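Heads up, the next two complexes both have chain A, just with different partners, chain B and then chain C.
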Partner chain A sequence: MAESTVLTVSDLTVTYRGRGRTVAAVKDVTLSIAAGRCLGLVGESGSGKSTIGAAVQGIIPADGSAHATGGISIAGRDLVPITDQAWSQVRGRDVTSVFQDPMRSLDPTMTIGRMLNRYTGSAEASVAALERVQIRRAGDVLKKYPHQLSGGMRQRVMIALALAPQPLLLVADEPTTALDVSVQAEVLSVLRESIEGAGCAVLFVTHDLGVARHMCDEIAVMKDGVVVETGSAEQVIGEPADDYTQRLMASRITLATDRARPVGAPEPAVVASMQDMLDDLGRPDDAVASAWAAGELLWNRFTGPTAAVGAASGLSDVRLVEHVTRPSLTVNEVDKTYTARVRGRKVGNHVLKNVSFEIGYREAVALVGESGSGKSTLLRIAAGIETPDSGSVDSQGVAGEGTQVIFQDAGASLTPWRTVEELLRERIEHTTTGKGLSRAEMRAMALRTLELVGLDESVLGARPTQLSGGQQQRVAIARAVVVPPSVLLCDEPTSALDVSVACSVLNLINLLRHSLGISVMFVTHDLAAARLIADRVLVMTGGEIVETVGAADLAQDITTDYGRRLVDAVLA
Partner chain B sequence: MLYSPKRTLKRLERPASDRPEGAWSALGFGEKLSLVAVAATVLIALVGPALMPYSAIIPAGEQLLPPLSPGHVLGTDVLGMDMATRLVAGMQRSLFAALVVTLISAAIGTLIGVVAGFRGGWIDTALMRFTDLFLAFPAMIIAMAIAAAIGQSLGSAMIGIVVVWWPLYARLVRGEVRRVAALPHVQAARVAGVTGWRLLWRHVVPAVMPTVVVTASLDIGAVVMTLAALSFIGLGTPAPAPELGRMASDGMKYFLNAWWIAVLPSLAIGLLAFVFNYAGDALRVVLRRTGV
Partner chain C sequence: MTVLVFISKRLGSLLVVLFFLTLLVFTLGKVADSDPVRTYVGVNASAESVEAAREELGLDNPIPVQFGSFVVGAVQGDFGISLSSKRPIADELATRLPATLELAGWALALTVVIGVSLASLYSRPGRLGAFMRFVFFSAASAPSFLIAMLSVLVFYKWLGGALPAAGRSSYGPYDDATGFYVLDGMLHGSPTYTWDAIQHLLLPAFAAAVGSGVALARVLADGIASSLRSPWARTARALGEREGTVLRRHALRNASSPALSLLAVQAGFMVSSLVVVEQVFSWNGLGSYLSGAIGVGDFPAIAAVCLILGAVYVILNTLVDVALAAVDPRVRLS
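On to the complex of A and B.
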């Protein structure tokens, strides 16, 4: 065993120094990988997993801003302290890598053949290398440039390139995170087979426990620069011993997750505080809350009596019924084509083909599809950001003011130099509910919403850049619901977040939907998240809705081939 | 769904990032040096003339005294006026004129660029074609023509430069506005209901201003040079008022037996241009680092 150990990391500590502060990204980490084995390094952002991935390739900045102590040895060669002389012998020969974004790692000015021939020596050998990663018509691919290939193909080429020098160690840093789910499954199986064939050791860095289980023999779970648990994949996933690993496991969403309960492992105290919040909501104390009151009133009337809200909404029963029976969002035969000029010729991309659907009052509908399916364009049209070529979108509601959007990149969707209070106030000012309110009233409204999304008064004066990713997403949600819209449009709101944060954001959307009486359109590539949020799931591909299925028993009920492929791609 | 992730989140999420302790301590040595240099130059130009014992336009001693003469550190010129006094006064005049020219150019250009970039469509096309009209001719020639047409004075030279300077800002700002307007946060604000000038003013313009400020600070040096060039060829301040370009030009005649009359004003022009360029660069680095 000892002689086949390829990588040994012992007591590795990596510190970054910047502007007077020193931060340890990795603390006293000890790992080893034997030839032919795959070690999964799993953790959330900031856990130090990528720093280890970089350290074992010797690509930690050498300008003195980073400092590594401890030991890294590859095939018996000691490589700490990290110097370019020592590593130039190792990097690209004994250690190679596959990164998240192949477009950045592949040289855009070279054909695939030229890159590959450097290692294989001949075109025939290059064809063989591509065939090993299951690329058909490898001869043609050799003549192409990276931009002419799809994302999945590029990543296969990356794998072929990484394995061509017959390395001892392959470092794969989130190799499938940027890919569509169905492509991810294919690329993972290609990677799995190729590394088995090559017999090298693999360090597999990922945030996704499902991917890690699929790929790895052993798993090391990292948190705040420390390895909190190591063991065989079955053991770590099956019977996690550490608290943090258990929490991570509980945050994983699959097609079997219980939809009736919040995901994750809520503590009793949290549930109690939630109850308080709902009680507060049931007793709106002034006219400001009339919009909310209307939602609550409707909710109470048609789902069973709870605490009376009163006639704060000022709506007659007739209007209430009308609103409940009319859909909140009607998408009617929407068609959209993008045209671009390519070498003087007009090229049309028909992204939406006569799409029609409705979202009922208080209903949540998920649009699931891969990139290019048209789902995001549909959301942008529903939000009024883009206009359809033909067809119409109609949104209305008594409790809401049209549609509001939660964007994928919450940080980028918040104006960086405006405070949270200013951002929320601005939204209130531009609604009919908010017209004529005083600053104090708007502030109270903002504060109540911030509490509802799990933030408090302290963020009111903060600018978005001072908040964490999860907090930014919450502020973005708060802005969208501070005056409840009739339809909340969610554009992949969790795909940029860590699992535990993503999980709580999903819970939050569910909670808001139920407590504010809003309908939800949830656009995602993740079938499991869609199932959790939505009552109905619409499967989209090629600009069309190919299937509509009830969310509860999605895995059984889905019938189309494409839908089944998406189901299979969700790693259990 | 009776579950608030509130407390769990407080544990999982990192606190708000700490702000820099102070703007000054965040600066590097070179950046601090450049700011000190700008402050010193501005101070000399502002209060220097008042502190000088002589008048800048009345002969104060013997003619053509070399530098380091008693009572006249930098010597006297051909009429016996004190060189040091005239230089400081000239710097004040140049600096003031350059600041005014840069401010007005930046203001006009920003206004036109913002309107063109934000409104788009035919307004954009019309404004940008109008701007191109000014950019189509050699800047110096137009400035000379305008200054000469209005008459020989500092004011007419300034007007001439403004006319050729603002189009650069209009182009720059239009591009920046178009870039920023396409960013997600502007779209998000639009979805939230913010429209029109309020959207522009609150969500777009603040991202454009740092670029304008940096460009303007880099431009002050160039404007000083251009103004000096105009007065060098006789289109600026009339004699005997102290103006650096004019002084250099007049001094050329005596270059062989009294070099300082031409060289010292030229050095002063170079100093102003260099100091502002250097500071503008530092400003750019600082603003980029703070991520605006």
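On to the complex of A and C.
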């Protein structure tokens, strides 16, 4: 058995020095992987899993800020202390890797062939390498540039590149995280088969326990630089011994997640500030808040109000009637075609075909589909960022001002040189509610909203880059709801986040929608997230809504072939 | 194929640009407060000779007719007669255009040399790098005429005429010449003549190139730095490429598209900075011709130079766009 051990990591500690502080990203980690085996390294952002992935390739930052002690040996060759000479013998030969971002991990100025031929030696060998990752018409693909391929194809090319030198160890760092759920399933199976064919050891770094279970023989769970649990995949997933692993499992969103149970109840401070806000909005607070907390406040135009709304919220009958007859968002026969010139000829891409739907007051509707289904275009049209060729969008709801969008990449959606307070104030100033408010009043409003989204005063003066990904998304949400819109448009707001953070963001959106009376349009490729947040799920493909289904029993109720495929793609 | 279509489209738009440029320059000549006939015949000429000259220059015709004949002439390469020298402008241009193009070409080449070498110094932290950065930044923040005069001072006066500081050649032009002296020297198989022409080019080209070279270096250095941080550079490293290979094979090419865009803009400015540089180095090019013509209100000459510079600018930009598309496949020529 000892002969076949490819990677041995013993007591590895990696520290980063910066701004006078020393942070240990990895502490005393010991691992080993045998040939033909796949070890999953699972943890959230900052757990140190990617640092290990980088360390075993010898590509931790070379600027002297990182320092590694302990042992790494690959096929019996000791590699710590990390010297360039030692690694240059190993990297690209014995160890290669597949990275997360297939969009940018391939040099945009090179054809696939030019990249691949360098490592395979000839065009024929490159074709064979591409065929091994199940790329058809490999000869054509060799002539293409990365931007001409889909995400799934690019990631297959990455796998072919990584396996071309016939490595002993493959490091796969979140290889499918950036892909659509259904593409993810395909790429994972390609990766699995290729690895089995190549017989190499695999270090599979991921934040997703579902993916890890699907791919790995063994799993090591990491938290704060330490391995908290190691074992066979079945054991770690099936009977997690460690607290943290259990919590990580519990925060996973699957098609079986209990929708009625909000994952993690809102903190008392959040409830309190929510009540403040309800005061400001002139609504009776306690009743609404407690009704929400009790899960009784499930009201929408399609399912009808529960008794709780009429009694507890004290909204007048008149307004109730108004709610019933007036949706917050009406999308009416929207049609959109993008035209591009390809070799002098106009080519139309019919992205939205006569799409109509409505979102009721306080209702959450999810649009689910893959890349290219038209869902994001629809969101941009609803947001007024783009205009439809024909058809109309009406977002004059009963309450709230217009629409607001929160994006997948919250960091990029926040102006980097503005402080959080300035970002929120900017939104307030642009609304009718905000007209004539003093700085102090706006500051108070911003503060209340930050508390509502689970942040506090300390972030007011911070700039986006000083915040974590989860905090950035909360700030983006705070900006969107500081003056409540009638519809909150969410463009994959959770797919770039760690599972536990994703859960809390979903809960937050849910909380805001009930407490502020906001309707939600939630665009995602993840059926499980859609099911959790939405009342209804609209399945989109090819620019059309092919199915509308209630969220609760989604997995059973979906009938179309396409919808079933999406259900199957969600890893159990 | 697309490249040819693109170039021909650009040449089409060149015609449109030139037409409006002609209109603009012509109008400026008409509204300017100077009488071209007086410039032509001199202040002391009699009334009869003024009239005769007016007829000779075609200035008694209605303005649209004047414009028409100007355009027709320009299309045939006839820009009329210089009001000050009384020689056909086309003859002047025939010797001065190559002079300016030669200088501009060398200045652009030096821009690239300065830009690339300085960009590589940027990434090297150290005394030499810091010193070179200081020198070049000082140089870049100085106007080009100051650089020109300083370089004359250093290389001509202090270093005892290490490099010539005036004119294009110690020997004068060949009879059957292209007007590009370095090329002429090579065509006639004369290393002495060629080397002499190159020496004459160095100082003015350097003076014109310093500013744009430093600007280019900044863009290039930034581009290389961000390329080296990019995920695909990481991929290359993970596949075992050494740092030098990552730089050569991946980073340089990706960093060169913003640098090329900048170079196109710089090329346009280059021509205008040559107006000054040519003066300092007594370079008989379009720039010194233009400044002379502006001084005496010689509008036909001004118009001709403007048209040619405009054409050069559009052509340069077209070439850069083609180069951009060649470097970065994501750029579509449209």
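Heads up, the rule we're going with is that the second predicted complex is superposed on the first by the 454 of 572 C-alpha atoms of A that agree within 3 Å, B and C clash if a C-alpha of one lies under 4 Å from a C-alpha of the other, contacts with A are read in each partner's own complex, and residues count from 1 in each chain.
The rule we apply is simple: a contact is a pair of C-beta atoms (placed from the backbone, for glycine too) under 8 Å apart; a residue touches a chain by one contact, two chains touch by 3 or more.
Everything numeric in this text was worked out from a predicted model, so none of it was measured.
> Name the chain, either chain B or chain C, that contacts more residues of chain A.
B
> Identify the partner contact of A:Q404: answer first if only chain B is touched, second if only chain C is, both if each is, neither if none is.
first
> May I ask you to decide whether A:G113 touches chain B, chain C, both, or neither, giving the answer as first, second, both or neither?
After superposition on chain A, A:G113 lies in contact with neither partner.
> When the two structures are overlaid on chain A, which partner does A:A162 contact: first (chain B), second (chain C), both, or neither?
Only chain C; A:A162 stays clear of chain B.
> Examine A:G43 and indicate which partner it touches, taking first as chain B and second as chain C; both and neither are also allowed.
In the superposition, A:G43 touches no partner, neither chain B nor chain C.
> For A:P484, is the partner it touches chain B (first), chain C (second), both, or none of the two (neither)?
In the superposed model, A:P484 contacts neither chain B nor chain C.
> Tell me which partner A:Q466 touches in the superposition: chain B (first), chain C (second), both or neither.
The answer is first: A:Q466 touches chain B but not chain C.
> Taking the two structures together, which residues of chain A meet both chain B and chain C?
none
> In the complex of these two chains, what residues of chain C are touching chain A?
These residues of chain C touch chain A: 2, 5, 230-232, 234-242, 249-250, 253-254, 327-330, 334.
> Under the definition above, what is the set of chain A residues touching chain B in their complex?
19, 46, 261-262, 264, 266-267, 269-271, 273-275, 277-278, 383-385, 403-405, 407, 409, 412-418, 423, 426-427, 429-431, 454, 459, 462, 465-468, 470-471, 476, 479-480, 500-501, 503-504, 507-508, 510-511, 514
> What does chain B use to touch chain A in their complex?
That would be residues 1-9, 12-17, 19-20, 26, 183-194, 202-203, 206-207, 291-292 of chain B.
> Of all residues in chain A, which touch chain C in the complex?
57, 59, 88, 91-93, 95-97, 99, 101, 104-110, 119, 145, 147, 158, 161-162, 165, 171, 341, 343-344
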